[in-house]
Every structure is written in structure tokens, then in C-alpha cells.
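We just call them A, B, C and D in the order they show up, numbering each chain from 1.
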């Protein structure tokens, strides 16, 4: 058996499972649309520089004599207060929102999942300690954290993302801990213990992989939630800084021109709505598909 | 049961203490000069120095922390740097407006959400279900501040059906006696049968109330739907069906009752979220509540005020959690 | 056959039932109470009892998955509860287990090759090739085809999974294998084949078994010695055939009576067991079996029966004797 | 079960009937109330109406409210550049501007009924000085206040100062009732009480939200035929809300609308856009302590790179005029013959080359107040033009407090490089203006270019001294000082803001006075 065959054979069942999941997802009409939309968003995010009709002045080239032009053939979504093409900026914004959304959820997962697994699979005092810290972070309004981080490090998109991750991970800790507690009693965990597998290995190779399904569901919905929260922070001036084409910042700025240029807030708003919506729909679909109770055998 | 509650309460206190300490540390770490803010713009160096002494900022970190905790134990959150008024007094003044909004939007959210959830579950996989699901997902995906502005434009700017913001119109505020029992205008005016005020207050709360209700609607609808679908597969429901009970009665009185446990948990979650959402919505609707208060405090880095609201929301969160735990504990299905 | 591989003395596990604010224990579940036995090299000890009699707790304690309240387990001349962590880890190589439920004893997200190789990875440093070889060897031993390695557990039947679990347990050539109801959750056809496999493996690898089951016939078929447990206590102990032909304790008799197709003259007067095992929280005083024993006397209610030797290493705890 | 549900339906429908009837009743009663309704003026602004009700302390946004409840001795009319008598009918100065004597108006009553006299004036100013808060430092030259007789009060100064201007200050110069203040504890005023002589009496104040004022029937200056019986000042953050309210006539006056809205509203017959000069100007301060802006050539290059015209036209929306020197055109000391930069990117590049500015040096940090839309636009435009000469800038919008705090960081490396500054006078005097922004300071306060030049210090110190005696010489010195600033370019002087106050057509009588920016003296106004 050569090495390549081994690795391919090892991946094959995973791919099969993934395909199966995607197949099940596609059976639901709403979810199918959401999936298509997410493909489209990812496509836009990757190819934004080629798709944007006015890529030179999307970020910082100001062009104020063309300010606040209504949508027309040259500017599909109109222009903003400094004459920049809103269409191009919305396209670039896709990239920013997806990036920050994924990253923030990723960081939260990196903190939250191991902590939850450790809490759920360890002695009561470790569990208590982790869960009390989790509680503290949960009952802490994320906004204050964002303010604090913005005040200490200066407001920026990265810092907003950091603040969100710091206030978001406890949710995953909770979910994973609940799962881990039930897994702890499973015989394969006991078997691993009986074999002599070290504690940390049990946590990382037995417990975490088996509580990942609800986490994936939650995370896919949270991507939407994070994008929304980042937008809200930008709206409060604690997130992205101009001239970044971040949707929340665009809406925040557009408030001033709300009555003179409806398109300015409308298109970024719709962009947020659609993006968050499709991730939520995906999460909903995943929940049905990944839930062993409802997962239908082929 | 009582011991369970006491235990949870004490744990809640522990968490609160943690939150308070973390908040305090954060506020001290943040580079800012409360003294300079205290004396206002255009102050002289001497004035700032005097304020520093007055505010006790020259004490050591631990002395300051001790004073803070001691004051807090007496319900003293310090004075707002902006307005020089005790934060506690201000919170008390702004709280009823926020509570009114939160209660109303939760109320709307739960009722509409339950209704949508039930309709969805009854017509699973039909187009009504798809529509309801789409709607409930959409409501949690809308940037609330954005839809708030849009609705203002439609209902005030274009249609002129509803007022733009605030709790009462100027005329009512100036020339009518405003009942003040709980501070929640709808409730107060109703029990004193002051219909002018009630009607006016209702018109004013509709828009912000609806915008804030959007999230709970979606959350409750989704939760109800999935809980119902699970329950409808249970044997006792099948049995009820076989007795010939109508679908409607099965749904509303058998299934729904049993799905209330998870729904209640979600509702407490939604209240918590709504409370945070006020930070964004209230300033848009000029709603004189906590959210508006903290929005101004953030802009001017009024730390005592920010800390006050933080601690307040932490307290609410702890209590909401406690409530959720108790609902779950009281649920005969869960208690074994 | 004289050297004891496993020596268990006065093993006790009580779980507290807590109440009140400071979690004071108000009662104890006496899951395992003062259990003594020993297992010699190459022998099979069968432990029998209804569910709830403390078998599972006993297994957990035996493997040091939970700590006992009191007592001692000496395996291979090493005290399991006072040895160092390192010693314990090496000890585990020689002390393996096959769990009851093959659906949950294999990590559903792992491939068979990883499941079987897990003990190898933990204890031995093998090259990938050596590891593959060993896994294939083990699969062969338990009668599974080679191409199973890249499959997931859910692609196998219960019986096949149990084979996988056995292969994993055998990976390190253990000295003692604990079989916790290995056949109770698989179909009857596979049950017999698994038992045959276990017998064969024992012979070829010179293994020692502790076989735990609620089914006396399974135990009889496999074991050299049998220990009957009731409510955390040993009620009868002796050579398998002796217990089977000459049951002394009413509980053992009742268990035998429950096996269809078996008629022993001494069982005639015993009707079926009624009710279920009483709660172990407050076990009956005196003889713990007194609530269900048809022959219960006054003394059974008050006094705990002592051990009576009936000869041929056969003992029973009953006032009748 | 079904019966129960039916009865519920019944219950709901009867509830609706009750609601409908109630609604009708309300409509009637509201209609009845409108007939004899007193007139209300509603002024909406984007910030809190007032922060501290103590007139000795407040220096935030409370100018509008305080000027309607309290009065000062004199008022400055900045459009006419003259001082008008208010609570003082006349004043004289002697002893080279070291002694000032004010005649106090007779027959003036405070809101609590007590009478205004010299003692009240002495009490009020001394109280403000003693508390030492807010803008009380404007009285710093005063050593002694003497009550000469019941209606005459004399101020002795330590050094010559324009006390008449000081007495017109928009803060810290209010006269309050000694009787009321003395009979309560010190916090009484702060807690939301006011006893002044102004035309309006404080009726109700919701902290941070709104202030309701009621006309004072015994006001010394009397009332015209038509008046506003109530004046309400309210915070409405969203500019779109403010515009919609004023266009519908729900509000009488508002400020700080975006230029785009103002342009559109000019064609709306229902509203009047009042555009007038202001004493506020916007400038950009360079960090002169840190490379690369510690180099005069680089600073000059930056000054040439600035898009002045575009900023005036698009950032300020045309509601501004390009600045000439540090002092705004309306302020005494301004000079029309000063040098004026205009954008010249080629020259900027050349200067950078001359200064050996390396193209890939670090990104410069540009901070501005996040809530100021015009500053944000200015920053973005400047950033895009600086990019053209090879300078990378990072923008950061912050609340004023954090931005100021950052600018005062101990380490120079932590501070910003470019700082957008809005400045307005304490009282209409060039010295305090130039002193605050550019005089050497031991501890940084508002000199956020960290500029320090003894020659400049001496120039403005002399100019201030000469002002009381030789106005021409003083003017020349101020000119020289500003020329120096333009050459050294510690800062770019961008534009003088114009005041834009929008009123509804029914709101009559408003006169703009840039010395009191965005203040409406409700006594002058009337409904129509």
C-alpha cells in the first residue's frame, strides 16, 4: 500500500460524508438557494477587484464633484458623499465582511471549543472554574469590551473583530461542554481511557470531533451574527475606519445623507441583510441535516 | 428547589463580582483622564489637577478599587463625568423607558413568534412554512438600526402615520398630567385611565417596539417550530390524533404547552439581546432610555456611566439566566 | 494456575447522594460492597448478576476508571490505586476491556484503522508500516477482512463492531481482558460466533478473561469460575460447573431457573424472580436478598449471612447453609 | 375547548371596540385642547441641551439654555462688532484698563422674585471665581469686586484686560439670585435648578434629553404682542430626524444639518436656512515634535498638498470660507492681507524632495472627531491627495475625549501625527485664541501641534498688552505672529465655519449672533 493510496483512502469517507451532507442540504429549497448565494458571495469576495467596475476609486480616491449621484448606468448603486462608486464598494465590502465574519467566528471557536471540551471532560473544579469565567464573559455586554479595546488599541476593524471574538467564545464553550458531558460517559471515551490514552488526547481526538456538529450549526449562523455585530460596531464608530468599504461603516456614514440619497444606505443595508440571511438559512438547513434525529438515511 | 435557587443566586453574585472587577480593571487600563473630562472643555491645568484630587484619582489602584466596591455595595455607582449627577439617579430616571420598550417588544416578539412557529409547524414543508421560515430568518438578519431609519422615513416622513421618536408628543407632555407610578407610560396611563396619554404613548412606542421585536419574533418562531416538530412526533400526540381530536386543539393545547420550556429559555435570551439592542435603537428613536444614555456616554467616554450600564446589564443577565434555569427546573418534563 | 494475576480484596465503591447547600452526602449508594476475589493466569472468571447489581461499577473500578471508596486491586503484583501515573499507564497495556455496546464503544468519527491503532499509538512507537501490518494482523485474528481499515464504524454490524473492539483490546497483547457483557447488545447469531472467537483467542494467546454478564448460560459456557453478585455483594462463588449443577444460594437458583431449556432437580421449588433489584441507596438490612427471597426467614432480616464454604472452592453467603 | 376559544375571540373583539371608542374620545379631547393652546418653540440639536445646570460650572453645550434663563452684564454683537448693554446699563474703565465700573440696571427681578442689585453681581462673579470650575478662569485678572452703591459695582484688576468683553462671555459670566443660591446647598443648582433674570424660567429638565422653559411674565424687558409661552430644547441625534421634523413644522429650529440637506431645503418654502458667519474655524495640527513633521519643509509640503477648495466646497458643503491666518474673519485681530496657501501638488513634491522625505516611511496617523462628518470628509480627501505625493495616512475617527487623550500621551511616539481641530473663542479676544493653540506650554492642553517658539510667545504677549492702549500696534503684532505661523506651518488653517441654523417659517424674529454660536434668544422670537 503506497502512501498516496493511504491518504486518499483516509480522506475518501470524509468526502463522502461531506457530499452526503451537501446533498441533504440541497434537498431543501430554501437551503439550496442559500447555498447558491453563499457560493456567489464567496465568488464576489475573491474576484472583487476584477468585478468592480471602478476599482481605482473604491477605496480612497475621492472624486467629490460626482458626489451622491443616483444609481445610473455608470454607477449602478449610485455614488457616495465623496463621489466613490457604491457598487464597487459593496463588492469589496463582501470580501471584508466574509473575512471578518469567518475570522471572528474562527477565533471564537479556537478559544471556545477546547475550553468547553476541557470543562466538560475534566474534574468538577476545572469545570466550575472554566464555566464561571465563561459566565462572566457571557454577562458582559460585548459593547463595553469593544469600547474598551477601541479605547486602548484605537478603533479599527481588527480590534472590533477581536472584541467580538472575546465576547463570543463563551457560547461555544457552553454548547461544547454540554456535549462533552454526555460524551464523557460514552464507552469509546472510557475505552480510550482504559487503553491509557492521555487526557488531552482524549479531549482533542475523541471529544471535540464528536461534538462538532452542533458547533458547526451554531457557527454557520454566527457568521451572520458577527457580520451584523461588526456592522453595529462600525455604526457606533468603533469598527472599520474610513475609507474602508465596510458595510456597517457605509450605513453609518449614509445616515447623514439618508434623506438626500436613499441609495447610499439602501444597498449596503441590503448587502448585510442578504449575507446574514443566507448564513442563517444555511445554519437552519445544517441543523436539520446534521441532527442525528432528523438526518435521513439514504 | 429553594436550595437550588439560593445556590444559583450565590453563583450569580460570584459572576457579578467578577464582572464588576473586570469592568473596573478595564476602565482603569483605558487611557483616559476622567479629571480633564470632569471639568469640561477649555479647563486649565489647575482645574484638572483639582478635579483629580476631588475624584480620588491620585489614590492607589487598590484604594480606588476598594472605594468603588464599598460605594457599589451602598448602591452608589459614582457620578457621571459628563453631567456630574449620580449615575444611579440617572439610571433610575432612564430605566422605565427602556423597560417599557423591552417588555413591549418581547411581548410582541413572543406572540407573533409563537404564532408564526405554530403555523410553520402545522404546514411543514408547504409554501406557508417556507414563507414563515424565511420571514423568521430574515427578522434576525436585518440590521436593526437600518430598518429603524427606513421605517421612520416611511411611517413619519412619507405616510405621516406615526411620530418619529420620543415617548410622548410635546403637546401631551406640556399640557397633560402625566401619571408617574412605575414610569412605564403605557401601564401607568392605563391604570389611571388617562387615555389621551395612553394613546399618545402607544403611537410613539409602536415603531421602536416593532423594530426591537423583530429579533425575538424570528428567534421564538424558529425555536417554536423545531420544538413543535419534535413534539408532534411523540406518541402521545399520535394517540391524541387517533382519538379524533382536531389538529388545532392538538397543536394549541397539547403540543404548544409542551414546547413552552425551550421557548421560555429562548425568550430570556431574546430579552438579553433586546436589552443590548437598545444601545443602537434608542438613539435613533430619541427614546429617553438606558440605551440612549449609554450611546451618549460612549461618545464622551463617560466611564462611570458606562460602568453603571455594564453592571446593570450584567445584573439583568444573571437574573434572566436564573429565571431561565428556574423555568427549566419547574418544567415537569425536564425535572426527573 | 495457582499464581493470582488479579487479586481484589475488600473492594468497595459507595456513591454519595448529596443534598443541601454544601452538598452534604445524605445517603450512599453501595454499588460495590466488600468484594473479594482473585483471578489466576489463564483462567476465566464469570461475574453474573442482574442489571443494577454493581457489575458495571465493579468494571469501572477494576480498570481504575473511577476510584474505589476502599479496598485494593493488585494486578500483576502492582497495586492499581497506589502506583504512579506512569506505572498505571504501562499497566493498562496488560489490562484491556471490551465494552457492552459496540455502537458507542467505537468513536463514530474515526476510521477502523485509527480505532484499532489507538492503543498502539499510545504505548508503542511504531513506524507507519509496522502499524499497518499490526492492524491487519489484528483484523485477521478477529476474522475481519483487510479492507475494513478505511471504513467507519457505522458501516459495520453489531457483531463486526464487537470484533473490532476485541481487536483493539488485543492490540497490545494484554494479560487480562475484561469483557463487559460482550454479547448482550448484538443479535443471537453473532453472539455465538463472538463467544467462539473469544474462546479461540484465549487458547491461542493464553489470555485471562473476566467475563461479565447477566446471562448465566453465557457465563457457564465460557468460564472456569463464576461469581454471582447481588446488590453490590458477592453471594456465591465457585467453579463454573459446580455452581451450575449445585447452586446453593436462592438467588443463583433463581437465575438458573430463568434460563430456558435447563432443568435441574434442585431448582424445582424456586419460582421465578419477582420484582426487580431494590435500590442500592438503602439496601435491605440483614441479607440483601431478603425482599425477594422465597425462603426468607427472620434471621435473614436482621443478620448479614457470613461466608459458608461448601467445598471445592465453592462458597455462598446464605443463612440456609 | 372550542367554546373557550370562541369566548377568547369575543373578548378580543370587545377589546377592539373599547380601543376604538377610546381612540375617538382621545381625538375629541385633543381637538378641544388645541383651541386655547399656548405657543411652543421647539429647538432640536444633536447633543444634550445642557450638562450641568450650575451657571458657574457649565461649559459644555448649555449655552443656548443658560442664555435664555440667565443674563450677563453685557452682550457682544459679533455681526456689528459692538457691545450692547444687558444687565449693566453702562460701564467705564480707568487706570489703564485696571479698574472697571458697571452701572447695574434697575427694576430687574430674578425668577424667585428678588431684585437684581450690585450685591447680586458681586455674589455671582465671586461664586464663579471661587468654585474655579468651567470657564471661571476668564475672571483671572480680577483681584477685587466692590459694591460701590446699590446699583454700581467696581472691578479691580491685576493686569489690564478687556473686562467688557469678558463680561459678555457665553459661559461663566451669568448673574444668579443670591437669595435662592444661598438658601440651598451647593449642589442645588447642579441638580437642575435655575434662578436667573432671563426671559424664560426653567420648568422641567430631563438630564441629557430635554429642557422645558416657560416664559417669565415679570421679565424686565417686557414682552411683545406675540411670544412663545414655552421654549423646549431637545436632543435628537439623527440629522435625518431633525430635518424631517423641521420640514413638517414639528420643530421650530435646528442646527448641524448636513450641507446636502441644507442645499435641498433652500428650495423648501416652509423652512428658512439661516447662514451666517461664525467664530469657529477648523484647522489641522501637525505633530511638530516627531519626524517627519518636525521638519518645516515637510510641513510646508503638507500645507501645499491640502485640497483647500475641495474641502470648503465638499467637506463643508460650501458653508464655510477659506481661512486666512489663524484667526477667523469675524474676530478682531484677523488680517486680510495674510498669506494664503492653496493646493499645489508639484510644489509639495518638490518640497518633500528638498526635505529628503523618504517615500516609504511609516503611515501617518490622522485623528478627527468621529461625529463630525465634515472633518471625516476632509480627512478622506486629504488622505487621497497626500497619497498622490507619496504619503500614506491612516485615518482614525474617535470621540473627542479619546482623541484628546491620545494627543496628550506621555510618549511622543504614541501621539497622532495630524490632528483635526475645531476651535472657538472663550470670549471674543484673539489672545486667548492664539495663546491656547500655539503659546509654549509646560503641560499640553490645546497646543496640539506641540509648537513652541519664544519669539512667537513674545509677539502675542506684546500684542495682548498693547491691545488696551495702541490697537493698531497690537493688530500689527498679531499680523506678524500669524505670518510666522504660516511660514513655520505647525498647522494648516482650513476654513472659517459658517453658522447654519434652520428655522421653520412660522418661527420669526431669529437674529444670528456668531458670538453665541447656535444660540436662539427666544425672547426675540415669536410665532406666526
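What we mean here is this: contacts are C-beta pairs under 8 Å (C-beta built on N, C-alpha and C of every residue); 3 or more make two chains touch, one makes a residue touch a chain.
Every value quoted in this text rests on a predicted model; they were computed, and no experiment measured them.
Across the two candidate interfaces, A-D and A-B, the one carrying more C-beta contacts is A-B.
When you average the Cα atoms of each chain and compare centres, the chain farthest from chain B turns out to be C. Chain centres here are Cα means. That of chain A falls 44 Å from that of chain D. Mean C-alpha positions place chain A and chain B at a centre distance of 24 Å. Per-chain CA centroids place chain C at a distance of 86 Å from chain D. Centres computed as Cα averages put chain B at a distance of 56 Å from chain C.
Shared contact sites, meaning residues of chain A that touch two or more other chains, fall at 151, 237, 255, 258-259.
Across the assembly, chain B contributes residues 31-32, 149, 153, 157, 295, 298-299, 301 that each touch 2 or more other chains.
Residue positions of chain C with contacts to 2 or more other chains are absent.
Chain D contributes residues 238-240, 243-244, 258, 260-261, 264, 310, 313-314, 370-371, 373, 376-377, 379-381, 383-384, 387, 394-399, 402, 406 to its touches with chain A in the complex. Interface residues of chain B, counted against chain A in their complex, comprise 11, 14-16, 18-19, 22-23, 26-27, 29-32, 130, 133-134, 137-138, 140-143, 145-147, 149-150, 153, 157, 222, 226, 230, 276, 279-280, 294-295, 298-299, 301, 306, 309-310, 313-314, 317-318, 321. Those residues of chain A that touch chain C in the shared complex are 1, 6, 9-10, 12-13, 186-188, 190-198, 201, 205-206, 209-210. Listing the residues of chain B that touch chain D in their complex gives 31-33, 36-37, 39-47, 50, 82-85, 90, 93, 149, 152-153, 156-157, 160, 164-166, 170-171, 173-176, 195-196, 198-200, 249, 252-253, 283-284, 286, 288, 292-293, 295-296, 298-301. Contact residues on chain A toward chain D in their complex (touch as defined above): 60-62, 64-65, 67-68, 81-82, 151, 154-156, 237, 241-243, 253, 255-261.
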